[in-house]
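Scrolling down, you'll hit the structures one after another.
Both of the next two complexes hold chain A, though its partner changes from chain B to chain C.
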Partner chain A sequence: MQVKLTPGLGGVEVAVSGTLTFDAHAAFRQVVMAQVDQPGAQPVLLDLAGLDYIDSAGLGMLLLAREAAEKRGRGIILRGARGQVARILTVSKFNQLFTIQP
Partner chain B sequence: MPGLMRLSFSSGRATPPPPPAALPPPGPDPEAEEARRQAEAVLARWHRLGETQRRAFQAICAEIADTNHEVEDNVSGLIQAFQRLSDSAQAQTNRLERTLRLVDTLEAGDQVISLDELVRLMEGALGGVVERVLDMSKQAMVMVYALDDVAAHLGRAEHCVGDIERINRMTTMLAFNARIEAARAGAAGQGFAVVANEVRDLAISTGSMAETMRTEIAAIGRVLEGSRHRMAEVATVDMSASLDTKATLDAMLEGLQRRRAEVAALMQDMTSSGTAITDDIAAFAARMQFTEGTRNRLRTVIAAAEALSAATAAAMAAHPPPPGTEAARTDADCVARVLEACNQGDVRHRFAGWLEHGAAPTAAPASSDIELF
Partner chain C sequence: MSPGPAVPEALRNAALLVVDDAPTKRALVSAHLRRAGFHNITLAEDGLQALEALGQASFDLVLLDILMPGLDGFETCRALRRDPRWAELPVLAMTGLEESEERAEIFAAGATDLILKPIHQAELIARMVSHLHNRQLIRGLRDFAERTNAELAAARQMQEALLPGPALLAEMEARYGLRVASRFLPSAELAGDLWGLWPLDGARFGLFALDVVGHGTIAAINAFRLHTLFAQDRSARDEPGLFLEGLNRRLRPLFSTGQFATMFYAVLDVARDAIAYAAAGYTSPVLAGRGGTRLLDGSGLPLGISGSARYETRQATWRQGEALLLYSDALSEATTACGSLLGEEGVRDLCGAAFASGNGAHGMADALAQAASGAHGPADDLTLVCLLR
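The block that comes next holds the complex of A and B.
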């Protein structure tokens, strides 16, 4: 998994690419969770356009990120998911937990 | 009196001869005698024709009545048959509708579930499984992150043990130097030597304890690593099977919806056809009701023929045949023409009975007399 942080008007945009599996948990915690666990009024934007594959561990990490953001009173936007990632987000009904953007 | 006209066959005259006036008294006049003889012959012929006509009217009345009954019986049978046909068509439509409903549903215990509802139930079950998998994965990741934290703390503790061991080595060296200096001091340094030995023993104990701590920390680290691997296995589930199942369920649902639409169209067609058949049968049955009008018309015709027969009989009674003439005889030529006009064997047989014997025949006609159509 590769993570790229891009500062924007609404806050830092986190672009995740590659595969989001258990092996990426340390990097996810170090970068993504750290960004989510910041005070702020704006939702955290996760750009998944470059993400090719995700398994249940990756989905579990996204759920933990959501919990951490909620503690800060923030939401998470998942943007640009495609292919297997988009389908698994649909099957998992993530649209009921996250804001999904094309 | 058209009937009389048709049944009169007297030498080309259009009307039967009127009843003769009172015959002149017999006389010796030969011309008058000839005229009287001719008049009596005409009267006798008129009686024979009248009897023939009377019997013919009776035969016509009987034939029409029989035909009327036959038509009534057949039409009644046809109406009943059409009613049964209508009932059968309706029952068949009902059975087909029930069959289509059965095809579209599934019995589960005392519940009847439609197939698309079943697919939705399966979708819900899949969603429940996915939800539990994700909850399990999330909890496993919580544990993994906790174990990571414990491992980090353990690493720092191991580092502390290293510090203790380094300090202990310095302490040991210090005790050794103290013992050397105590030996140089001689008797004055004996007390110092005792302290140096105690420090050395303390350092040895501390070193042993540090070694034990390092061993324990390593053991905890191995347990943590094992637990981490197990948590990784718990957290990691390939969701491809769920995606395949979801795709299959979507395809099933789509197929079921398509089939339901086809079945609905089929049922609509069946209903339309059934309605059309029922309407046609009802219209046909209504047309069969014409028998009521026909029956009345035929009864009227029978009444007219009976009136003609009675009028003929009355006329014959009013003007009896001349003395010496055989009463109740028919005109053979007229009878032959009537029977010749009957081109249907059984009708001819019955007319022959009436015309020749004055009553309907009691025996059935010979088979050779019946034409087959």
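The block that comes next holds the complex of A and C.
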């Protein structure tokens, strides 16, 4: 997994690419969770366009990020998922938990 | 004489064997050892006596002279290494041989380390402590690994006992006119997968498959928890949507954030050719028959994430002669020969081909299991269930 942070108007946009599986747990916690767990009025934008594969452990990390954001009163937007990632988000009905954008 | 280096308390009981043909050398080495705190010392005068002593008691380390009449140090070392009981016993060769080739030969014969004569007490004790300490660590790790493996094997048996046994399957096959074949292949010792079935009435039975996030011990414990929840509440077994809702509500407080389970539950009615089912993000089951294949809808929020999640009951037909296949995502996410993911469409094609081959439920399960093992073996727990009417 690679993570790229882009500062924007409403806060930081986090681009996650590569594969999001159990092996990425430490890196995800260190970088993504640290960004999510910040005060702010804007939702956190996770750009998944560069993500090729996610497994159930990866979905679990998204849920952890969602919980951290909610504690700060923020939502999470998942943007640009494609291929297997888009399919698993649909099958798991994650649109009930996250704002999902094309 | 100086007091010399002290031996850590934990190593003082080490059983030592000192092998030397010269009585004065034996006495000297033995005095060095006692002064450092060792007290469990056995003396041998030559190789044969040493091997005899090794056969009679258990030792932690051997101090072995090389040049001895009869069976010399080289031969003694080779002889004891041939015996698997002493394959890892530390053997410290005491030698005055200073040519590097001869020293190499001592190692080739199986010595762990060597100490040059004349013996320097501090060096002797330091080397011994180092080897005894390693031996203790390795033993500790091995004991731990053995205990863990034994416990995992027992846990694995407990997990297999949760799966439908031959008696239940035979009863279900006879009662509902089915052939049932299944495969259950954990990727680690324990799996986060589970499947099962239960009779409801003369024409209907329930069938479930589930996959807890991750694999290994924690996933398996969560799978056991789910199994316990089914057993406690049998009330909504004939209403798939309500069944998943009830299960989800009870599961939510047990799971921490990030943990969840995907699940499929169906009520199959062989009198009405009907399937009523609900899903929580499980893979999409396949129906395969002479007319082709159809995918059921496995979508739904996984269990354990949101206590208020709703699960609708969906309908499908299941005709005589058709096969219903459930599979964990280890199959749909298996890598094909060309490097891409198999995917649900790939599984569907595979099921169609396996059905057409006419090898029955077991033939289909075999074909799918083979596809799931792919190029690299299953990376995740694999469950396959094939029900053929």
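By definition in this document, the second predicted complex is superposed on the first by the 102 of 102 C-alpha atoms of A that agree within 3 Å, B and C clash if a C-alpha of one lies under 4 Å from a C-alpha of the other, contacts with A are read in each partner's own complex, and residues count from 1 in each chain.
Keep in mind that, in the parts below, a residue touches a chain if its C-beta (ideal position, glycine included) is under 8 Å from a C-beta of that chain, and two chains touch if they have at least 3 such contacts.
In this text, all values refer to a predicted model and were calculated from it rather than measured experimentally.
Enquirer: Scan A:96 for contacts with chain B and chain C and give back first, second, both or neither.
Expert: A:96 contacts chain C only, not chain B.
Enquirer: Just chain B (first), just chain C (second), both, or neither: which does A:59 touch?
Expert: In the superposed model, A:59 contacts both chain B and chain C.
Enquirer: One more residue to check, A:29. First (chain B), second (chain C), both or neither?
Expert: Touch status of A:29: first partner only.
Enquirer: Would you please give the residues of chain A that touch chain B in one complex and also touch chain C in the other complex?
Expert: 22, 55-57, 59-61, 63-64, 84, 87, 91-93
Enquirer: Report the residues of chain A in contact with chain C in the complex, numbered from low to high.
Expert: Touch residues, chain A against chain C: 22, 53, 55-57, 59-61, 63-64, 67, 84, 87, 90-94, 96-97.
Enquirer: Which residues of chain B touch chain A once you look at their complex with the stated criterion?
Expert: For this pair, the touching residues of chain B are 126-127, 130-131, 133-134, 136-142, 144-145, 148, 232, 235-240, 242-243, 246.
Enquirer: Using the touch definition from the top, list the residues of chain C that touch chain A in their complex.
Expert: Residues 211, 213-214, 257-260, 262, 281, 284, 298-302, 305-306, 309, 329, 333, 341, 343-344, 380 of chain C touch chain A in their complex.
Enquirer: For chain A, which residues count as touching chain B in their complex?
Expert: Spelled out, the residues of chain A in touch with chain B are 21-22, 25-26, 29, 55-57, 59-61, 63-64, 84, 87-88, 91-93.
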